[in-house]
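Consider the two complexes below, in which chain A is the common component and chain B and chain C are the respective partners.
Presenting the complex of A and B:
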């Protein structure tokens, strides 16, 4: 409540009280931002510092020398480009699969009168309740039995499966708030079912697809345990695993700079993605909350 | 050009939900039929059955010589205007209007020609490149109409197309609709729960209740000769006075006052109906007079609506519309029920007796 009042005051013509609360608000916002961003900024700073500054005691907060050496090292001494490719391939494929399977399922659940619909929904919901770490021992056996170890599929399939419930639930509630009249109007106009889905429903679904797609992508991009367990071949490793293993290559030194650089590189695609689709994501997350 | 015929149409969702029980009716070319009834009486369901958006449980739908009961919606050559307008949000106004023509593989030239024609007719020329979200409610409504008109269909279906407009606009669009559809020599089925719309627009009104057709007549006749008690109470504002009265000596007794029953055999109980505008101040020579005590006067501007307790039956309230100029000094008022405007209904079945 008070925050809302403050926000309103910001727009008032400048008087003494509004100046005062404006200042207070700015300070508050700044503090929150610092609190949230500090670890990220520290990584970014570390990735740009020279090794001497990184290990200096006391800490160097504002270094005088900057270097990109940690970044170039990632690519020269390690196949980092390869890791990026692996991560991208696995994440994009599983995201696309997830949307391609989840959206039609959600549409069916939202629109058709399916026998046992409640049971299906309850099942989908229960799957999301499992801590996925618990699944991984079982999955490991499945992967071994199917000889999927050191294969992209060993990651793509579980990532898709884990993201499916969320996709189905979010997309279903999105489809439910899409007015049915539109599809009826399309039927009267003479569209057939495929045309309705592709030409009428799909274009309206893009915001929701983008939102759930990004959530699925972030999960797949950041996933660590499965990627660590199911993939041991160097050339197939994903960024999180490769980054973590940068440090364990030598007992004698911990390459803080390189780890920080890898972290920054690994995170930046996500940041870019979210910034790019920011408006769509907000639209998607609030879709259905208020009837347009 | 073709007429539309429904034969014994029934839609059963479950044993409890039967929104359309048994409806048969015929709409000729150039006829404007309104389905009128309270919310939930099955009007939309009937319309959706005609459109092919629902499959009837029993019965047939004929358009001209074609039995379209089993045809897909898109193959029936029907145009429908939805209550929510249902414009495709990602298409421009022009694309919205043209969509059904494109699906029919008309030539680009003809599509452009027809879209321009209909857009001009409805005053949408300036808006053709806008998206629906950039339009006002009234403009969206026009686009929805344009999308229906451009198809030159065999039947027009409209489901409460005015209910999302504000009162002033509604009145204007109502008048425009009337002119617009007069020019089309095509059956129109129009759904509404608003009796003013039904009265002003239609050439025929079908009053629906409980999934059954209660009366199918021109609007004037619905008003003057309601077929049963439900139609009598539903049509007309302020509502018709309806009293369940017991009969003695060939008359129904409204409190202390006998009203002669014009029937050969008089049942023990009968329902008397009279519209408030047919209840007037009594003059000396009037028959059918009653007396009562005024307990409420509501001003409607041009007229006053009086609520009067009938002498001898204080539980009965009769409402009368009197000219606003009328001044009353006394609480007691003498009224006459104009004899030719009395409606008599069966007390048990509700059917019209006279």
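Presenting the complex of A and C:
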């Protein structure tokens, strides 16, 4: 303690520099915030502008008129409700499936000594590094062989799989931190593994499941290449693909306002998740990447 | 003997719990890669009426003389190296800022991970709009600052389009690096800095002598993840530039996609996938080797 106090004493006379560094820090903080927010806010502002302001040169930063027309257009002239539904359905289903498959595997890898554990873990780690472009051709053939084209399953199955490595790594590091005593006590009381998992471990696991689930949902919601390749029917498309194709749908005039509105709609669930669960997302990401 | 039985049962339960996940991973990750290796030895395109005909190493020989393949390789390498380098610098800077204490730190930390969480394809649209030649806000800002006098066609000029794509990629993925580095920074004990300061070191020296060496594992992990993902970049470039202008931003992944989906040349597409995969494995092996060295030297 005295060391820290001494240290502060040493630094006291330099209060002028500390004032400067305070100012410098504030400037940096502001820059970070602007850097991260500006593109999102600009898209939001564009989505609320009338067309005349969108195509005004020089740009309009503080519009006098605002409109929701670009949003209503998405729902009246395009099946945007459909896209939202598709994205939500595919993301939620795959997230639940991923937790249901990944958590037990993570438990086994953390708690039980199984043969080939190191190999499995190494495989899971390597697989997180695969870009999806390496997989789409093989998966396309699986989809065709199973006649899953234009079927939600063509997305749900790969989305579940691409989130499994992260789920296994995060959940495994969680199980390793969980004290064993309760499980051992239950074992002594004659519980079998299924009972231990369902009645004792599962209730304690809920926070970790939420953390992992949020990450899995984000990845599923954002996925592009599989959704682009395996789904061609308009009514089954997900938001990222449908929005990306808004621009190319009309040859003469690119609907900038509608694109901006669609971007805002497609990103808003994720913005909400980040606002609500910032800490969990950070925990999950670092656990998944660093602990591995 | 009782113990043996218990162990056997543990094995069995363990495998039963792991197997469903493993099978799915094999189906979605291992099968497509294996399939690509196999298919790359065949010619399967419109000329063979989409029937696979064995052709040995033909696809790989073709690749050697395929100028477009080498161009996309070059584009991908430039894109990956420049963006990962910038992300590391910027990510480190942001992590250092977020590690200080200041009012509203929680909010700023939340804002700082936002870009990472948003869909790449959608934010690629947002960036294409920012770099729009007529109405884009980037041209407008530069003009207001008096830095340029006529609008620049950012996405229409080969070298500028690459810069624009890199800018969007850096914006989108720097948060991932700063999250990892921030976690690393928080695990460095403050006492180290205090002792170092007592020895008369300034913050700049502390950064090089304490922060950087202790952050090495996180830096390498971030490098590993980012390198692999940037090398396979797809949505961002496809949506922002479509690989144009004149193929200036066409990455390997876009070329693979076009080879399969537009030219329906499955055999050659598979060979491209195999080569990309092997290059990635080699790069990952090198970084992992460095990582294990950094970890061993730490403890």
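Of note:
Note that in this section the second predicted complex is superposed on the first by the 239 of 292 C-alpha atoms of A that agree within 3 Å, B and C clash if a C-alpha of one lies under 4 Å from a C-alpha of the other, contacts with A are read in each partner's own complex, and residues count from 1 in each chain.
In the analysis below, a contact is a pair of C-beta atoms (placed from the backbone, for glycine too) under 8 Å apart; a residue touches a chain by one contact, two chains touch by 3 or more.
Predicted model only: the values in this text are computed from it and were never measured.
When the two complexes are overlaid on their common chain A, residue A:256 makes contact with chain C while staying clear of chain B. In the superposed model, A:241 lies in contact with chain C only, and not with chain B. For chain A, the partner that touches more of its residues is C, with chain B and chain C as the two candidates.
When the two structures are aligned on the shared chain, A:191 is found in touch with chain B, with no touch to chain C. Contacts of A:102 after superposition: chain C is touched, whereas chain B is not reached. When the two structures are aligned on the shared chain, A:201 is found in touch with neither chain B nor chain C.
In the superposed model, A:39 makes contact with chain C only, not with chain B.
Looking at the shared chain after the overlay, A:155 reaches neither chain B nor chain C. In the superposed pair of complexes, A:143 makes contact with neither chain B nor chain C. When the two structures are aligned on the shared chain, A:222 is found in touch with chain C, with no touch to chain B. Only residues 7, 10-11, 13-15, 17-18, 20-22, 24-25, 27-29, 31-36, 39, 93-94, 97-98, 100, 102, 104, 106, 108-115, 117-127, 129-130, 132, 134-135, 137, 140, 143-144, 171, 175-176, 179-180, 182-184, 194, 197-198, 217-218, 221-222, 224-225, 228-229, 231-235, 238-239, 252-253, 256-257, 260-261, 266, 269-270, 273, 276-277, 280, 284 of chain C touch chain A when the two sit together in their complex.
Listing the residues of chain A that touch chain C in their complex gives 3-4, 7, 10, 25-26, 28-29, 32-33, 35-37, 39-40, 42-43, 46, 54-59, 101-102, 104-105, 107-109, 112-115, 120, 123-124, 126-142, 157-158, 160-162, 164-165, 168, 193, 218, 221-222, 224-225, 229, 239-241, 243-244, 247, 256, 259-260, 262-263, 266-267, 270-271, 273-275, 278, 281-282, 285-286, 289-290. The touching residues of chain B, when paired with chain A in their complex, are 48, 51-53, 72-75, 78-80, 82-84, 86-90, 99-100, 103-104, 147. For chain A in complex with chain B, the residues that touch the partner chain are 179, 181-182, 184-192, 195, 200, 203-204.
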